[in-house]
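Okay, so here's the structure we're looking at.
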């Protein structure tokens, strides 16, 4: 267990930050460019995971467990979101036979 | 007694107004006439008593203070009366002639539906006129000043169902208002200078000032503008001829004897101020002379008997202003007096003629009435001679005094005066001849019904005729060994006097010339209208340029219309349609419009497209992060 | 704490009641539960307690929890035969709303950022579902999908912000964070600043401040009116409470840093909300935009932090909540009759339904901020708040926006009173009447005697 | 205590009328209440001692946390406006008697509610209270005009409402600013008087307040809402607006502007004077060609109010006293004029002067009363109009001779448009429309005779009226001069 700490601390914190930032940005870009609801949703998950990793890194850095606890919270709630989200998408698919987000723009102006 | 009962003089007519006004539909005509004339007679009696009391007493000025009317800060305007020789005479004229005209009206207006209303108005007029002459400060004077304007409006528009009459009334009021503004501004300036508007406070201070003071000149001009409005001088006289729309007694009372002389009264009252402003005096003199001449020229070609008299009134008023301008305050005032007599007489006479011809006013349809209307003719002839300035009738003395002073001031003015006198004599006799001589030119039907007027109308004529004949005795100049009673009398009223330094020969020559001119004029008129029996041509008939000019009153009305009324109305429409509705309101509405348009376009941001929303969000986030980066670095 | 427990328990009980087809019992149970929790809230007034370093039940929390509960209570009164036509199992919706309320109570009383996150998520997840409860209605679907996608997206930013702050301070506890800041304002870790900004983004999304407001109009319009009412009143209030707790509390030392950013957001929000609302034909959508503009006014309290910022938000939120509830109540009522929620459908309402008309009018006047209504006091304290350090330009902009506001709020009044329309007669159930009367009275009461809640916290 | 009764009586009346009165009893109830409050006002007048002090003052804490008190009181200046309000309201209600308004109880309740608001404005000694009253008076008149008004009333009144409230919001800004400057942390007028602001601050505050007042009066060029509103509003609404409501602006200037920011006033008075005098002439000229008599009166009212404003900003005793008298006179005259026009309108269904004529022949009573009111409007000596206009013109003339001369044109122009319309409406021959016109009757007589009586009485014996406000005005001027000389 200790060895894991050392291995992680061997990598400077900045690398983690940049790495997570990049993953997060990839997620954001994914949300931006894709039109398929599911893919967008996956990109969001990617963003969340970036955050998870960052939290883990920080918690090791400060060696304070609360960060990792937080990660579990996020995972749990992400799961909940997945459940709800997918069901919404399914509901939409039932009505529109499509999961392209741009199909739904009756509400505007 | 004066101090204790002075208030009765104006209040009695007011009472008459109230009674007649309220009871105009219920009271019988007799009652109305009785009340209407009675109250005026009563105040005439009072004025007579006071007159004698005044002449006997040493104290020549009585101020009666009733209550503070307006008092704000340093501005204190009491409602108070001043009774002195000047107002005493005015009272006599107003109530005396007023009474006669009331009597006359009882007959003249007898058939009229608005009999009660008429007498109510007349009483009201008398009331305001008395306030005007009794006021002990400019503001109380101003009450009367505008009050008489109102009554003149009401009486000119007495037959208001006739739209042109109503317009004439409106014109009179507005023209007066123009003058009134001048009057007010003059008063304001006066208050700035003297810190008071009481005659008793203003004049003593003014007396200590040196002549030629600019402020005084300005005050003088402003007051004079006021006088121009009220007394129908250039350029504001055009309302007076139109004012003949009113019943003839009104023309006699308001537009000949009393109201129109208010301007002269006011200037004579403030003679102290005007003496300090030679510049202003010259203006007054010139305006007066010009008015006298122009009005006389216009009168030459008029065919409406009342119009002739109206213009002659304007012309005579011009005379009076000429007098004031050259400092002959007494002379002018004297002329006010005599003019009141003979002009009232002439108007009433004309009224009698019109009455007997069933409201025919065009002299082209008269003639040969001498036989039918003896009294009227006789009395009117006296009046005409008086106005023409033939000695020993009243007009001669007053006119002569003015002319003499004018000559002393500048021979040119005198020349104009004499020329006017010549014209006056001519057109007056033209009127007489056209009306009474030759043979009747009207319809046969009317000819049969011609009849002398009832006593109620002839008696006032006779009385006035006597006054017109002997009125001159009031102020016989030294040349005739007279003692200039009026002049002395007026000294009690602090009316300044300018003294005649002419030797008697010059004076006599001057008189001679003017009388000669008059006589020549009369003869001319005689030959033209009696010998040749010429009759003025019909309106549309061709005239020479000069005749046209005169007949169309020098086109003054048209000119005013073109340079004042029309532009103002145009402005009105322009301001309303363009400036107000388009520019200003457009600006206001523009704001609302902008918001609305902004809304229309802004709402398009909400495209309904999730991808686009997220894009916007990201842009926002990036911007914020950029801000963060900049603020840290 | 017991507030949350009560609500959660009520939720479960209602769910079971639903299972046993006790339709009649649902509403009474819910209301009872809410009343109890409200009772708890009142009892624990002035006795701040901290639970496990996670939740801080102080007056601030209690006041906002109280308002949220009351708001929810009134909205529940409006559920009378509302969900019935959507689906047989009403209980679930009740439960969801109650759970959302749980999340809200957590949001207003968190002491630890994890609690903030959890509260936000509990609330949001429930709302995603509630927005879409009309399974066959396209609008409802769209609303729910949009809300969900963007909500999840914004949560990502919130979390990233939290992570960075954690990285900078090594703690999730807002007091600790504040101490860290206070002790070395000069050299705060550079991670902190983006952290603040990202959290601001996340929260701005929740309260619907521009440019993160785009979900609001669509979702509000698409979602069932009742849910919209819930979102635009209770949820919004909670969002502000959370915002305030964090930014007026923990991040207060860095006010100079984040204030300009917020100021820009405020101005954009004000203008966008008001001006766009001007042209709306649809009453619901109009209210959505107006809610955006009100978010702008509410943020005034953060632009200038004063002693009374929190209570100002409370006053404003209260005024806004009650007015909106009245508006939605009438809207639901009208829509049931006319089937449309355009402003035209209000034409000639006053002829037959004086009560509804009057209530709606007063609500509109309050939203517009006319004196003697709560809305005016709200606006007034907000103006006062920012004028404390002379943000005159901001106030002038706000005034101009208020003027625009008058136009669209009065459009409704005009429709109700002056326009000729088919004279519909609403069948207003008792509960509706109660809601209308109570809210109207509250609005006027707060308008005439605001001392009741001023400086409550 | 009496003052509370004075202010809240109309409010009680409003509520009572709204709730309990029926269609037919509403007007009676409203009239009764307004007459009660008139009685109360007269009672106050009797107990009132005409010195500079503030009397009957009542001071309760209202919103402690915001330093807002319910502080009301009456001094000479307020007394005049209070009288104006309580004398005119019964007349206005009586004038509306011949109409049958839908939902009469709402209509009259709103009138009374507005009266309460106005009284609050005229007696408030706390800036916040003043503002509340200011708006509280606006809401009812909006509803009166927008509900019972004429054609395109909605658009017009929306404009009116937003326009006026725009002004008042900036005033609110100014009030808050003063509050923040005020060490005592309250809205007390007395405290505001004590503030010592530098002249830039004063300039800003001045405009913040002045815009509000200028829109209300209205002063050129903020007047464009007014003619439309007056024409579309129901006559009682027009009377309330023109007779009483615009006095709020004038009163506001005197009470809240001059003494609080004298330097601002001093710096900007020239601009205001210019605007005011332009307005006087401009509006008068526009009135010349108006075809609709109501609109004509509206413009004439702009002209008169411009003169009042000019008089106030001369900061002279005459000017202020003149404005006091003129406020009352203008109120009386203008409602008289509008009432006459309403009579014509209700009989013949038109106010277009070209379609009328000859009414004097068929309706002599109307003709006489109309004439008297008209003379009051054109300021004939002996009528109420003269007292005010004379003092005002004098003050303006003393301020600047040419300005005075230009403002004086109103004497001429006023006569022109007034007598023009009088001739068009009353004189000349009757036409098919007007031939069967019925002369005034019952309540109409009561109203018109009362108005005429007031016009003449005030015109002949204004002394008591002038005395009411004299001391207060004097005091006000001393305050201003003290601040002008004392502070920086």
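Note that the chains are named A, B, C and D in the order they appear, and that numbering of residues resets to 1 at the start of each chain.
FYI, a residue touches a chain if its C-beta (ideal position, glycine included) is under 8 Å from a C-beta of that chain, and two chains touch if they have at least 3 such contacts.
What you see is a predicted model; the values in this text were computed from it and never measured.
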{"item": "Given chain B and chain D, the chains that contact each of them", "value": "C"}
{"item": "Chain closest to the middle [Cα centroid of all protein chains]", "value": "D"}
{"item": "Averaged-CA centre spacing for the pair chain D and chain C, given as whole angstrom", "value": "43"}
{"item": "Mean-CA-position distance for chain C and chain B (Å)", "value": "79"}
{"item": "Computed distance of Cα centres, chain B from chain A, in Å", "value": "100"}
{"item": "Centre-of-Cα separation between chain C and chain A, whole angstrom", "value": "27"}
{"item": "Of all residues in chain D, the ones touching two or more other chains", "value": "162"}
{"item": "Contacts with 2+ other chains: residues of chain A", "value": "28, 31, 101, 104-108"}
{"item": "Contacts with two or more other chains, residues of chain B listed in rising order", "value": "592, 603, 606, 608, 610, 614"}
{"item": "Every chain pair in contact, whichever chains are involved", "value": "A-B, A-C, B-C, B-D, C-D"}
{"item": "Contact set on chain D toward chain C in their complex", "value": "62-66, 131-132, 135-136, 139, 143, 146-147, 153-154, 158, 161-162, 165-166, 169-170, 172-173, 176-177, 179-180"}
{"item": "Of all residues in chain A, those that touch chain B in their complex", "value": "28, 31-32, 35, 101-102, 104-109"}
{"item": "Partner chain A, residues of chain C touching it in the complex", "value": "114, 117-118, 121, 125, 128-129, 132, 135-136, 138-139, 141-146, 148-149, 152-153, 155-156, 159-160, 162-164, 166-167, 170-172, 191, 217-218, 221-222"}
{"item": "For the chain B and chain A complex, residues of the former touching the latter", "value": "603-604, 606-611, 614-615, 618"}
{"item": "For the chain B and chain D complex, residues of the former touching the latter", "value": "67-75, 139, 142-143, 145-147, 150, 153, 157, 160-163, 166-167, 170, 173-174, 177-178, 180-181, 184-185, 188-189, 191-192, 568-569, 571-573, 575-576, 579-581, 584-585, 588-589, 592"}
